[in-house]
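Below, each structure is written out as structure tokens.
Shared between the two complexes below is chain A, which has chain B as its partner in the first and chain C in the second.
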Partner chain A sequence: MAYRLMQGDEACAEGAIAAGCRFFAGYPITPATDISEVLARRLPQVGGKFIQMEDEIASMAAVIGASVGGAKAMTATSGPGFSLMQENIGYAAMAEIPCVVVDVQRAGPSTGLPTNPSQGDVMQARWGTHGDHPIIVLSPSSVRETFDLTVRAFNMAEKYRTPVILLMDEMIGHLREKVELPPPEKIEIVERVSTSVPPEWYKAYENTPSDVPPMISFGEGYRYHITGLFHDERGFPTQRLDEIDPWIARVFRKIERNLRDILIYETELVEDAEVVVIAYGATARSARHAVKQARQRGDRVGFLRLSTIWPFPERKVEEVAERIHSVIVPEMNLGQLALEVERVVGRRKVIRVCKANGEMVEPREILEAIEGAGRWL
Partner chain B sequence: MVVKKQERESLVHERYLRHQKKFPHVWCAGCGIGIVMGAIVRAVDAVGLSNDEVAMISGIGCSGRMPVYVDFNTMHTTHGRALAFATGLKMVKPEMKVIVVMGDGDALAIGGNHFIHAARRNIGLTAVIINNYIYGMTGGQYSPTTPTHAYASTAPYGNIEQPFPICQLAQAAGAAFVARSTVYHARELSRFIAQAIQKEGFSVVEAVSYCHTTYGRINKLGSAVEMMRRLKEDSVSQQAWEKLPEEEKEGKIVRGVLVDRDIPEYTRLYDQIIAQAQRAAAG
Partner chain C sequence: MGERYEIRLAGTGGQGMILAGIILAEAAILDGKNVTQTQSYGPEARGGASRSEVVLCDEEIDYPKVIQADVLLCMSQEACDSYFHDLKQHGLLIVDSDNVERTPTSRALGVPLARWAEEATGRQITASVVALGFLTGLTGIISRASMEAAVKARAPKGTAEINLKALAMGFEQAERFLKSRRG
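Then we have the complex of A and B:
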């Protein structure tokens, strides 16, 4: 396939189509609107359906309804809309409905800075709904990675029957880069787990050995109940502890036992490093640049780039931090993921390079932090 | 073979209710919601639908519990959002009959926006709104249909807001079919629901009910039986209502099919979009 000049939002839309997404519901919001615009045009071409709903609450609801009908489904929004979606993201978590939610982050809180980047929704992506549930959050740092992670997001959503959040940022969403997309036959596509048991044996929330119960769409002859209440294995409401506790344990277990598949990251130059920069999303681009410059000067600096930020790859961060004295965490927020890094690196120094004013973290600022880290030796 | 009426009735129950495990239901003795549920399953039976081709979707509140008891594809969603969930399902499975059951608070307060937009789109869903003028499950707070001056636990000095006229709202927003009946007129209600299910487009049936547990108690309207009797006495058919002198029209519940018009249905129109997009893409 030839090279194309492509925007991050467009790569997300094309990644969704490549992954088999055939339903999209959304509401206009900068800087995510481009995803809606591309899918409004592209989805009907492949027999899929696009709908512009009355708000983000309805968009998230329609996505869940479509997924229950058997379609791979997605919505895309930015901070204010992401806040509105939380209630139904919680529903998808409780009812274990596969779906992908894209949040192209802009600076907030509230209306904030609509066309400026941010990574301010890191904690909202993890804890935005009420109650406890696991969640998968992926964050791309290039246009090509946006395509790849959108496909992975669908695969994980379907494989593990869970909502997956693709946490982009305005910089990546609006960035245009030269990309070569993989040919369709090279793209791994995962379908949701189904079953051929007779309808009367089917339990939509069965405690299966894989911890992921098979999911059958509505209208296929397997009539069952879906609810946001705690439910038994057949999906009916329950208040029995011997049904609630196993459910909670299972939904966490199905994610935790598959971390090898879910956690995506890459390391550069960490073997001999004394300082490591940990970054994700657009900030990872500045970080890589800074690490390169520092290496040219002879500083022993390594780089850990996270594509999966939730579940937080704590083992990897621990391992990388083992032989170093300082970790630098640049973020376009006031230290949201740094909190997690601090939690796992013990007594090693964690230096935050934070900006929440809609400006990118510049390589120069990270370089200064690297220099500062050296001085404490 | 001629099936006697009573036998037929028990066959309907046998076929459409999850009768073995899920009863008794959660509703108060004397509540009208069970009558609406009966009217819905009889309508489904009258239309001749199989259990598999029907989905029932609800929101939150007393009405939200109905899907547990019926043997369809059932989904109990979040408060006010049932129509939005149903919209996604209907788009993906246009051949399914999707019945959305809501209460007045669910459909018109928290879900008011979804209600008018589903009507505006004219998507092929059947919305059954059980109007009991109050939030029952949370204990009797005033709702968007609580009459002005009526009392509620959150209107201890009387309600100063105007009630939403559900059917006029649905009509103005673009619904293809709008009807109203009461839980006293169970057979008529069932007939309207059957018509609504068969209508291509967004159909709304307002099922006027009552809540003797909260609304009736705080407004001193008596028992369930007395409130039921009031539905009989205070309601008139549309034809009769039109002949009433102006001074007698006030306060009457008008029963009948109020809107029945042919407007292109949303998922059908979207199929045309797909055909158009695919033609254009093929060049």
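Then we have the complex of A and C:
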């Protein structure tokens, strides 16, 4: 396949198609609209359905319905719409419905700065819906990675029966760069686990050895119940602790025991580093630029780029932090993932480089933080 | 780190600055370069400051935006006032003298882009394509063949011919300028 100029949002849409997404419901919002535009054209070409809904609440509901009907389903939005989707994201978490929710972050709160980037939804992606629940959040830092992580988001959603959030930002969503997409035969596609038990034996929320119950689509002749209430193995509401506690334990366990598959990150130059920069999303581009410049100057700086931000890759961060004195965390917010870093690195100095005004964190600012880190020795 | 070459195209929403950036970027890919293209604009569809940036490099590009522009094209007074400070010390500043009255430095290259567009195609809207021809002709950063292919591929239906005319006008003016410099 040849090189071409591609936008991040377009790569997300193409990644969805490649992953087998055949249903999209959404409501337009900058800077995520480009994803809808591409899918409105592309989905009908591959036998899929595109629906523009009346709002984001309905969009998320439609996505859940489509997934229960057997389709790989996705929606895409930005801050204000992501806020509206939260209740139904919780429903998907409770009912264990595979789906992908894309949030192309723009500066907020409220309508904020529609055309400017932000990473202000990091905590919302984790805790936006109420109640304790596991969630997977992936954050790409290039156009090519947006394609790859969209595929991975679908794979994880289907494999673990969970909503997955693809947390993009306006910079990556609107960025165009030279990319070469992988040929279809090189892309791993995961399908949800089904079962061949007869309908009368099927339990939609059975405790299986894998902790992920097989999922049968509505309309295939199997009767079961879906609810946002705590439920028993057949999906009917329950208040019995011997049914509630195992459910809670199982949904967390199914994520925790698969961290090796779920956590995606990349380290560079950490072996001899004294300072490490930890970054994700568009800010990782500024960080890598700064780290390379600092290395040329002779500073012993390393780089950890996180593609999975939730569950937070705490073991990796801990390991990287072991032999260094300072960690630098640049973010386009006032320090959201930095809180997690601080939680796991013990007494090491955590230097935040924060910006929440709709502008990118510039390499120069990270470089200054690297210099500053050296002075504290 | 390889040498980055940074171009910023600035004007008013509706002048075609973002499309011009896309064309430059696609032409750069045809030339085998790595490229990123970003933009910055307000919530409005027309009017308001609009800018498009293109970074070229033979190696992988980390930071995708302009740090200090090698070339700055200004199609409006507001753009010129706002973005001049990010130009490299010996960077090239091209302004559309039909739209920019006050230039911040005597080294600015003022050229009548709107008038050249009018002359070449009868349509002022093609000034951005004239500018692309002039800019690449002057700097040689992208080959003429790649620019022509990229303009052709991106021109709205039925407008390939007039856009190629606009591009040719830009290249001719660049040649004329370079000749006059050589004396």
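Please note the rule applied: the second predicted complex is superposed on the first by the 377 of 377 C-alpha atoms of A that agree within 3 Å, B and C clash if a C-alpha of one lies under 4 Å from a C-alpha of the other, contacts with A are read in each partner's own complex, and residues count from 1 in each chain.
Operating definition for what follows: a contact is a pair of C-beta atoms (placed from the backbone, for glycine too) under 8 Å apart; a residue touches a chain by one contact, two chains touch by 3 or more.
Everything quoted here is computed from the prediction, not taken from an experiment.
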_Just to be sure I read the superposition right, which of the two partners does A:65 touch: chain B = first, chain C = second, or both, or neither?_
first
*Is it chain B or chain C that touches the larger share of residues in chain A?*
B
_Touch test for A:3: chain B only (first), chain C only (second), both, or neither?_
second
*Is A:310 contacted by the first partner chain B, the second partner chain C, both or neither?*
neither
*asked:* Output check: A:27 vs chain B and chain C. Expected answer is one of first, second, both, neither. What do you get?
replied: neither
*Check the residue A:53 against both partner chains and state whether it touches chain B (first), chain C (second), both, or neither.*
first
*asked:* Just checking: does A:288 make contact with chain B only, chain C only, both, or neither of them? Give me first, second, both or neither.
replied: second
_Just to be sure I read the superposition right, which of the two partners does A:205 touch: chain B = first, chain C = second, or both, or neither?_
neither
*Touching chain B in one complex and chain C in the other: list those residues of chain A.*
none
*Which chain B residues qualify as touching chain A in the complex?*
21-22, 51-53, 55, 57, 67-68, 71-78, 81, 84-93, 95-96, 113-114, 117, 270, 273-274, 276-278, 280-281
*How about chain A: which of its residues touch chain B in the complex?*
22-23, 25, 41, 44-45, 47, 49, 51, 53-55, 57-59, 61-71, 73, 87-88, 91, 217-221, 223-229, 236-237
*For chain A, which residues count as touching chain C in their complex?*
3-5, 30, 114-116, 171, 174-178, 282, 285-286, 288-289, 292-293, 296, 360, 362-364
_Which stretch or stretches of chain C touch chain A in the complex?_
1, 22, 25-26, 29, 33-43, 61-65, 67
